[in-house]
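In the part that follows, the structures are each spelled out as structure tokens.
Shared between the two complexes below is chain A, which has chain B as its partner in the first and chain C in the second.
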Partner chain A sequence: MTAYILRRILYLIPTFFGATFLAFLIIQLAPGDYLTQLELDPKVTPETIARLRAQFGLDRPIYEQYLLWMNNLLHLNLGYSFAFQAPVLEVIWPRVVNSMVIVIPSTLLLYLVAIPIGVYGAVRQYSLGDRILSFLAYIGLSVPSFFLALIAIYVLLQIKFRTGTLIFPVSGMTSSGFEQMPPLRQILDIAWHAVVPVLVATANDIAGLSRLMRGQMLEVLGQDYIRTARAKGLAERVVLYKHAFRNAVIPFVATLGGLLPSLISGAGFVEVVMAWPGITPFFLDAIANQDLYVIAGFLTVSLVLLMIGNLISDLLLAWVDPRIRYE
Partner chain B sequence: MERLSSSTARTQLVLRQFRKHRLAVWGGRILLVLYLMAAFAGFFSPYDPNYYELYPPKGNHPPTRIHFVDPETGRLSRPFVYATKRSIDPVTLQPRYEEDPSQGKFYLRFFVRTPDQPYTVFKVFRSDLRLIGVDPPGRIFLMGTDNFGRDLFSRIVYGGQVSLTIGILSALVSFALGLLLGGIAGYFSGRPFALSLPPRAWRGWSGVLGLVGLLLWLAVAAGVLFLAWSFVRLSPGKGVFSLAVDGVVLLLGFGGALLILWKVFREPLKLDPDDLIMRTVEIIAAIPSLFLLISLRAVFPTNIDPLITFYLVVGLLGFIGWGGLARVVRGIVLSVREMDYVQAARALGASDGRIIARHILPATASYVIVSLSLTIPGFILGESGLSFLGLGVTEPYTSWGLLLQSAQQGGFASFTDRPWVLWPGFFIFLSVLSWNFLGDGLRDALDPRRKA
Partner chain C sequence: MRRALVWMAGLIALAGVASAQTFVWPQKWTVAKPSEVKRGGTLRAAVISDYRTFNPFITAEADSVPDLISGDRGLVRRDPTTGDWIPYMAESWTISPNKLEITFKIRRGMKWSDGKPITADDWIMTWRIHTDKAVGSNLYDTFFIDGKPITLRKIDDYTIRFIYPKTDADAFAVASFAPWPAHIFGPVYQKEGAEGIKKMWTLNEKPENIVSGGPWLIESYRPGERLVLKRNPAFGEWNKDEAGNPLPYLDRYEIKIVKDVNAQLAEFLAGNIDLFAPATVDHISQVRQAIQQGRLDATLKVNASPVASSQFMVFNWNKASDPFKQSLFRSDKFRRAMSHLVNRQAVIDIVYGGLGTPMYSSVYPVLTQWVNPKVPKYEYNPKQAAKLLAELGFTKKDKDGFLVDRQGRRLEFNLATNAGNNQREQIAKIFVDEAKKVGVKVNFQAIDFNTLVGQLLSSGPDRPFDAIIIGLSGGSLDWPFGPNVVPCKGNLHMWNKSGQCLDPRETQLDALYSRGRTELDFKKRVEIGYRMQEIEAQLLPVIYIAGPNYHPAWNNRLGGEHPDAIISSIWGQRELELTFIKK
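Coming up: the complex of A and B.
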């Protein structure tokens, strides 16, 4: 087992360098750099630009920039944001935390809703409830998340025009006067703002997960040991939850490791449409500004988390399922 | 003869199974309508998508109300519309449109000709026949107009051309890549290619090739050394940790270069294409796909020719999507490769190309058809998302995502006052839903294991 883990880590090294270099190369391939926009400003002299470019290291060849950045990375230094004039980690971290306010509840909700739906669909296969639930799940799968967010905003604002009360806020993360609130009110305020984004972010993924659960459960229910359990006269509840469910849920353990990178990669379009100050709009801005080290640093962090997550998945799988052996 | 009858039986079996999935059949029907509308966009749209009137302006016109009851007699009549009168709201300064019965009734007519707005079908046939229309100066805006006064329904019909074809084209691109690379990875797994020739084996022409290869590898070794040296040269820190890191990197560089040299002179350097391709897939999968898509889009300038942008989006979406497919195809090919019939073909002396084309690819066919129909909706969503961010197709082309983007550009008021601008979203939803149902039905029909 130890040998397996060590070999896995060894394999990760070329992937890590390949992916970071790819990320670096993609950003550098884009025409111009962060200072190109500044060149258009008549108040900034060419000398200033040249000085800044040398200061940021943007006048060096790409491989030197990459090596320098990699050198700093080995010192756990992600670099410096041009646009914010601050270390990358300091700039990114608050945005990631904001995104987590949506991502963590939405992930919990996803599992809490999708797994029961899947189990129900397998136990009552082709029943009216199964059909309605899977139809609804497909609708969730097929709505673009930005469109769902737009619809939610429209409905909330229409309700406000009719009744005069705003049930949930439609944009941003905090109300005005947030700074003056006591801490408890602040938490409640953020939670109040997060309700709609969380629901919108969850809707897309329910279909995939519940279909997977349904398929797994159906497959397990067809096994011989389930028939044996029923033949022994066990209660249906025990057959379903003690024998079938526990085996059906094994593949989901493998998806747990994948949650690690998704924790920081944000909730996607919802953040853009609902003006949530998360990582997605921030990343879009960074790309528009060609804020090199912000992009590269963020991609690196999610890369490392992805690798750790995959490793955790494999280890968890070996732990829950004794049939799996790693040489 | 035998083979023919068995394959028709299978087709019938698949079709029968498919028809049982009623949602899939409906999905197929809706898609047929949507794609027909996109193919004959000129016929189905009442106006040219880029046509607007300068005077009187018709910007942000709500959907035209179609009357079925004649207000004078109170009886049912042929459907008709009224012309509208524009005024400016004194408070919000937004245009308001009111029906103006004084200009008379404009009856809805079918198969009308609009000589001032001709169109072409497939860029070949010229025509000006349209399915519905009213006589000017009456106007029929089924889904209202945008802020220029262009008919939104016509723009949606034309936007479908982009949104619906981009899904299929990107799926084809990613499938071409996925099948080719996944097939190579699976078929040649464990049969590495030699990338150099040791001097012992140089004879005639292979000697020339070997010499070139040797020189190339020497250059690579020198490059590795140079990178390691640059790393140390650029090293900013002078602490113990920094010196240790520099030392390790220098050591690694020397070790790598020596290893290459030693290998090149002693035995052929080998590379397993399986390793190379699967590592590449891993690297691409390691970067979050939305961010990778946007970063890649940023590599190309935004102000290039609209047609090139269209193909660029196709290429980018296809490039993002091939990894998962390559992984599955590799798995299928790896297992099929060991089947007795493939071994038999090889024993009979069949070439690699023939084995791949005649024996291995057909084994992946049903998987490919199913996953093709299940990835197309993902690409439609991808394109609409990219266009929604303003990074996708550009004017004069339009797509449903782009139409939605302009809908929300003016802030929340722009779609709460004018909800009809949300229509394009319903078309995205409808097409993605239909593709999902169709793919689901195909999977149930083609995969015999799933028969419950």
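Coming up: the complex of A and C.
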């Protein structure tokens, strides 16, 4: 087992270099650079732009820029943001933490809700409840999250117009005067702001995951050993949870590794629409501005987490599924 | 009073207010009387993009934190009611007989928020750092005229002299930069140079370490979320209203960062932010409805003024590889015909929902003092366009219904704009339709912004585009012609980047531009500007289209807005210092 883990880690090294170089190259393939925006400013002279380009190192060949950046990476320095004139980690970290306020509750909620729904749908297949849940799931799957967020804002505003009170805030993470609040009030305030974004961010994923769970469960329930279990007279509850459910969740263990990078990659467009100060709007800005090292640095962190996450999933899989052995 | 009198105003200031220690904010800048004003409260606003730094020397975006806390004003500022430069942190100035030196007497008794006095040293240090190439300040270019430096000299603690290499219409604009504390930046600059300066005042700096000479101090900043500013008491000691009350009236100015315009609208409709400028017809009608149905107590000024930016179509004169198109694009008859095909009214109706302004010259329509009303306008007129094209030899149509000349060459060109700008894409489609009606084939394509800029700013005898729709913004109120645009060698001389003037009228415009830039008499400068617009109209180097209007809105809990006459895209809806909370 130890040998297997070592071998896996060894494999990660070429993957890491290949992936970072590819990412770096693709960002650079986009036309223009961070300073192109400045070129349409009637006040800025071409000499100034050329000077800044040299200062930022953007006038050097791509491989040279990549090697310099790699050298920094090996010293655990993700690079420097052009737009913020500050180290990348320093500017992205607070956003990642803000995103986690949505991502962590949303992920927990997802598994807590989606798995029981999936199981219910499989056990009571084609019942009225299953049909209603399936219907809702298809709606959830087909409505993009940014649109769901806009609908949520619309509903909140309409309620405000009718009753005069805003049940949940329409945007942001904290209320004004947040700094003056005592710590407990601060936590409650953030929680109050997080309710709608968390629900919106979860809605889509619940739909997908519950359908997947339902399918897995149905497949397992059709297996011979379930019939055997029933035939030997086990209680239905024991059949479902001890024999069927345990086997049906195995594929989900493989997806747990993917949670690690998604922990930092933000909650998606909900953050943009609801003005949540997370990583998504920030990263989109960086892409629009071609803030090279912010994009590359963030991709690298995600990449490393993804690689570690995959390794962990594989190990977990071996642990829960006796059919899988690594030698 | 026009800006022609700016020099005289200076002399009056010298004689009249020489002893004054305070700057009195005139009553005519606000609709509210000092007696109805209430002190305290918080103004809540929203911005689209997050802040990037607190450092005044490396900030590059508009409405940055340094601009906000300093008020972005220096020795002089403009009076919004007249547009004139008036003494601000200076109490007076004198101009040398050769007009190359301006000596400012700095107001005494002004203090930084940490209690140190504001003196000539602060301006000198600020100027030094801005003009250090290694710092990369955005203001670097403003301290040079045609590559020659403007120098500052300290005469004594409260006297400073600006020395210009030539007479400059923008002389006062140069002197209006905001000073920053020399006792904070100076020691670091001396010890560590530009690198030390760049590391200062990042977003992680503690707010209490940020020293301000302007109306605000930073209270707190939460990345991606909110910037809260609080009143700087040191500012109120020398900035007063006419009743002698210290300014600003507000205790706090809170700015939320809301990246989505729809979310900003929602916040405004919910009464959570006080200021909003709806830009689309849909947003305007939502605000208007909310006000009419009594759901929101706010004021909306529709069509307050045009915006201070331009929007135009430019043809490429440098197409050595395609002599047919090159001679076409260089012909003013052709360009005039194209102007006759721009249906500006349709653009305003369809793209801006009727809330826009047509454009005919390089001077933004909002700069009413500068717009020459007599300049010929080549309005939408397809018949006239067809006639002009016939004179160019395009009399017959081919089997697809497009015009061809005697050699059978079809009148066809490519038109591009930046993808994602829906309004420009709509404008292009309207033009394509109108052109088709008279038999001109226009192939429209929306391309990535950076690629477009690359094509537009490429230089040499053969450049890779036919026509582009794009816009410019920014520029000076003292001399509203672009320093990079008009001169033939300019980087933004977009139609012709061969590096030299090709048309005698370009040479003429180039010369007039320099003359205007060095002309100090406002009236004479306006005359030169009028003449330039006449030549532009003949030459039509670019074809101006139309732009949206400025529609400011505010929640009625705010008082102290500008009188209607000065609410515009240039002066905004209010002075924050004179704004107060009614309830």
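Before moving on, here are some points about what is shown:
Simple rule for what comes next: the second predicted complex is superposed on the first by the 305 of 327 C-alpha atoms of A that agree within 3 Å, B and C clash if a C-alpha of one lies under 4 Å from a C-alpha of the other, contacts with A are read in each partner's own complex, and residues count from 1 in each chain.
Quick note on the criterion: contacts are C-beta pairs under 8 Å (C-beta built on N, C-alpha and C of every residue); 3 or more make two chains touch, one makes a residue touch a chain.
Everything quoted here is computed from the prediction, not taken from an experiment.
In the superposed model, A:Thr45 lies in contact with chain C only, and not with chain B. In the superposition on chain A, A:Tyr63 contacts chain B only, with no contact to chain C.
In the superposition on chain A, contact is made by A:Glu179 with chain C only, not with chain B. In the superposition on chain A, A:Ile190 makes contact with neither chain B nor chain C. Of the two partner chains placed by the overlay, only chain B lies in contact with A:Pro144; chain C stays clear of it.
Of the two partner chains, chain C is the only one that A:Gln85 touches; chain B does not reach it.
Within the superposed three-chain model, A:Leu109 lies out of touch with both chain B and chain C [touch as defined at top]. Of the two partner chains, chain B and chain C are each touched by A:Ile153. When the two complexes are overlaid on their common chain A, residue A:Leu22 makes contact with chain B while staying clear of chain C. In the superposition on chain A, the residues of chain A touched by chain B in one structure and by chain C in the other are 30-31, 150, 153, 157, 161, 170-171, 272-273, 290. Note for the complex: chain A touches chain C at residues 30-33, 36, 38-46, 48, 51-52, 55, 83-86, 90-91, 94-95, 98, 150, 153, 156-157, 160-161, 166, 169-174, 176, 178-179, 272-275, 277-278, 281-282, 285, 290. Interface residues of chain B, counted against chain A in their complex, comprise 23, 227, 230-231, 234-237, 241-242, 245, 279-280, 282-284, 286-288, 290-292, 294-296, 298-299, 301, 377, 381, 384-385, 388-389, 401, 404, 407-408, 412, 415-416, 419, 422, 425, 428-429, 432-433, 436-437, 452.
Listed in rising order, the residues of chain A touching chain B in the complex are 14-15, 18-19, 22-23, 26-27, 29-31, 63-64, 67-68, 70-72, 74-75, 125, 135, 138-139, 141-144, 146-147, 150-151, 153-154, 157-158, 161, 170-171, 218, 261, 265, 268-269, 272-273, 280, 283-284, 287-288, 290, 295, 298-299, 302-303, 306-307. Within the complex formed with chain A, the chain C residues making contact are 42, 44, 49-50, 52-53, 55, 58, 60, 133-134, 136, 138, 140-142, 198, 202-204, 219-220, 222-226, 228, 254, 256-260, 262-263, 266-267, 269-270, 272, 290, 295, 448-451, 453-454, 457, 470, 472, 474-475, 482-485, 491-492.
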